[in-house]
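Right after this note come the structures.
After this come two complexes, each holding chain A, first together with chain B and then together with chain C.
For the complex of A and B:
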């Protein structure tokens, strides 16, 4: 029997990229966020934390941790549109995909549990920085989405305009050091912004680097905290060379760090960067990595990036496995104390 | 900043077509053709920048399925900035007025035979 047309062209994975790019650009222009949502969600986590607005060292979250629950919901919505049996899926979904252009207006409502986890990560980071003796300020009006997805997707004109606004806001508070909390924001601020925004050259450090620099100030509980399999995010390990720092911190906090088959610079991607463009392909990559982390034989899996956390969590759920995945900040915060 | 099109032509044009990068690419073994691997993507980016192909659905699929994870760069013998080439090539597709087209698919044989 001759092969079918889908078999000849191969099983294709991507959603309508141009529509997704339009949605992304449209969302950014309307709210400054890549997915539908209220801009206030970026800063609401800090209510009641009594953080100063001004200081030499400021926290810039870039919004990924806060936005991830919304991005997850949005990706799941897109994945449903993509649904259908391999081969004929694009044909089946074609009618629905035409509606993608109006998706920027849909409302996504993440679960309370996911929103609470993101809040806990942010609070843990602040508490860790304070415990390390870092006088951290949080100018709420300056915190925003960094625009990293615009850059990654090649939307250079929209990114440049967005980056200029972000950089102007950051420069207006006159901080000497900007502390970031996820690998993508760290990279885009440190390496990409200076190429797109003339004169933008502040010191940008990940909170992990800052904690490692001040490791002697951190007091952790005594005793064995368990075996932790570390998943290095590509953007820390290969773009920013942040590899030793999380291991040092986990070690000091009493954890035994277990290396998966591929770790450090040789790490394997979680599949997250294409979750909104090619959800099925993204999931297959995540499942490969999830199995690999599992084979390493730890009790907990540590992620250092909200995208990795989200994608690996979904992968384990898809595989029907219950695994304890935790953000590095949560693991370290748990161990703070005499 | 350099003109992205010129930058792609300059850097991607150096690809040796050795294929060492493919072994490390997470998407290559899962994709239906070599456009899902770094070697294919770099050469598609090169031809797109030169204006030899248009941004067809196959081109979009190839360039936008990349994770930008840079695993491929670990084995490139001439240290090509592969992820940067691919990201810059996305700019040629995403930017309005630049090469955006719904024209027919490229001939894959043409793409992969061209540089061998």
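For the complex of A and C:
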């Protein structure tokens, strides 16, 4: 029996959260990705880079940087839906009719500029690692989405199955160290996978930790590179205790690090984790953070996580403020050199 | 009571679209955030007290029946009476029997009383009931919900508070009142009520099993009047407030005040029985200047069940200082509109799960960012974000 009209009217301005979760779980089960797309989108950035497939130290991107332009589009679409009268109904209908893929196809169309930015981040990370003297391999067939969103949303059954597949693939290449590139993938691989996949206990390091360990090998240009306000991501700062490393690296690259209100261990969330459930609330949190980063008085705002980058960027746009917001890897890469 | 995430969001969005609400919350947050750190810097021994309370709470919760028995004996020795209520209905019925009808009843602010709907229940029996904590009185006047554990009216700007006091209490206030004007008007209004009240009802910050003492911390001074002036004092609190000793209970209240950011507390009350004197021929008489009867109603309402549940058990250590609320990015934008009908914020989601069931808490859990700022500041080291993630699993198991 369809829901009664009053029940629907009651939430006409709101998204039906369980429908969103169903779409998410369904996408991951079908394609391994949270949004529909060709799995090749995770690895296409590495074309033309001379990266070996095998090695003791391997790069596992976890896909967040590559997927973020798509997720961002999805969230914007949801926010529009939420603001409109059809939100709850449309998603519910989509879920019911199992036309999930067609709905998502309409949603996901990121701009060339956003896709290019993600590619630049990934290339910068690889170049930084190479400059630090790290022999990094990239087994393309093993790279995948880590499933972190499933874990965050409490979709444990789907997550567990997904984690098992990812762990099996990672174990098959027999690497000594897995290098991750974003805080969520770092955390989920290092602390969560071992709880869900029996016997999985690899050495996982964020590329930021690896760069800091090899900081003496990194050569940066001389001179003052400007004042950078650092936005610590929650997962690095509180879950993984990665706080000093980005500061060390920025300092060596010639930047003056400016601490905003609420930084380091007490850093503030960008609102990202609830953007697909409560887009308007998520945006308000992002705006609060964007304002306080702005008040810190730097020239550039540095993010260390694709979700933070995306959310803060949208928040500034919403506030009508043009701000130079850059991923840490881009800031470090542009200072490489004698 | 069923809670639906979409309905909760609807109310949250109303708040986001209300500039007065958002401004009031944001002002309070910038005053309160991180305040516990400044307290701890000035009074380093607060850390020792915190560790003492943490151990005391763990010990008491692991042996709850032992300590309830000990408390009952201690209270009896002091000529107080212990009552135990399993749920909301039993609590209301017990209180109804003690108070009766046609009485003037004053409350000193108790979130457990809110949880159990006690004010409304006593009103329905034909009693005249007044809250005496200023913030809580404003909540009563607007028929609203407390928006923070220790600062219930933080969502009200001075203009709105003045409007309520003018309209509902008939107080005369200047056209652009200062906070002092509102405080004075409420003080004048409540003076006579204190004097005439038949029953005073308080909560408890902590209860000491070894001495049967109820410990209450406050700044306004209303708790001393509510618990000291009327002939009958009834305290209502959850079983999780029991700690082994009076030393633990006093530490508990001090830690609560420190983490609420209100330190030193203006008043610390220890109540171990009805007022009494032995000044005439050294013969003990109960009912001297203060109450002649003291009742303590201990509430279960889901707490015992939660003790058996690894997904909720740790949360019974919560001392409701409200620190997690002051530090939570979601709460900064929603106040207690997120957290449940009585409680709010990260700790509220879990108290709702304890008192109204895990499914209710699960609906609310989905708005948690998992950012773990709450974990970082909780004096009782409750892994709030992990427990809330556990509730997300309950929610998502039903997709």
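The rule we apply is simple: the second predicted complex is superposed on the first by the 300 of 338 C-alpha atoms of A that agree within 3 Å, B and C clash if a C-alpha of one lies under 4 Å from a C-alpha of the other, contacts with A are read in each partner's own complex, and residues count from 1 in each chain.
Everything below uses one rule, namely that contacts are C-beta pairs under 8 Å (C-beta built on N, C-alpha and C of every residue); 3 or more make two chains touch, one makes a residue touch a chain.
Model, not experiment: these values are computed from the prediction.
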For the three-chain model obtained by superposing on chain A, do chain B and chain C clash or fit? clash
Who does A:52 touch here: chain B (first), chain C (second), both, or neither? neither
Mind working out whether A:174 is in touch with chain B, chain C, both or neither, as first, second, both or neither? neither
Touching A:337, do we find chain B (first), chain C (second), both, or neither? neither
Now for A:278: first (chain B), second (chain C), both, or neither, which partner does it touch? both
Quick check for you: in the superposed arrangement, does A:288 touch first (chain B), second (chain C), both or neither? both
For A:195, using the defined touch cut-off, is the partner it touches chain B, chain C, both, or neither? Pick first, second, both or neither. first
Applying the stated clash rule to the superposed structures, which of 3-11, 129-137 or 273-281 from chain C runs into chain B? 3-11
Chain A contact set shared between chain B and chain C covers 10-11, 13-14, 17-18, 21, 152-157, 234, 238-239, 265-266, 268-269, 271, 273-274, 277-278, 281, 284-285, 288
Quick one: which bits of chain C touch chain A in the complex? Just the residue numbers, please. 5-7, 9-10, 12-13, 16, 34, 327, 329-330, 332-334, 365-373, 375-376, 389-399
For the complex, give me every residue of chain A touching chain B. 9-14, 17-18, 21, 151-157, 195-196, 234, 238-239, 265-269, 271, 273-274, 277-278, 281, 284-285, 288
Chain C partner, complex, touching residues on chain A are 10-11, 13-18, 21-22, 25, 88, 152-157, 234, 238-239, 265-266, 268-269, 271-274, 277-278, 280-281, 284-285, 288-289
In the complex formed with chain A, which residues of chain B make contact? 1, 4, 26-27, 30-33, 60-61, 64-71, 73-74, 87-96, 100
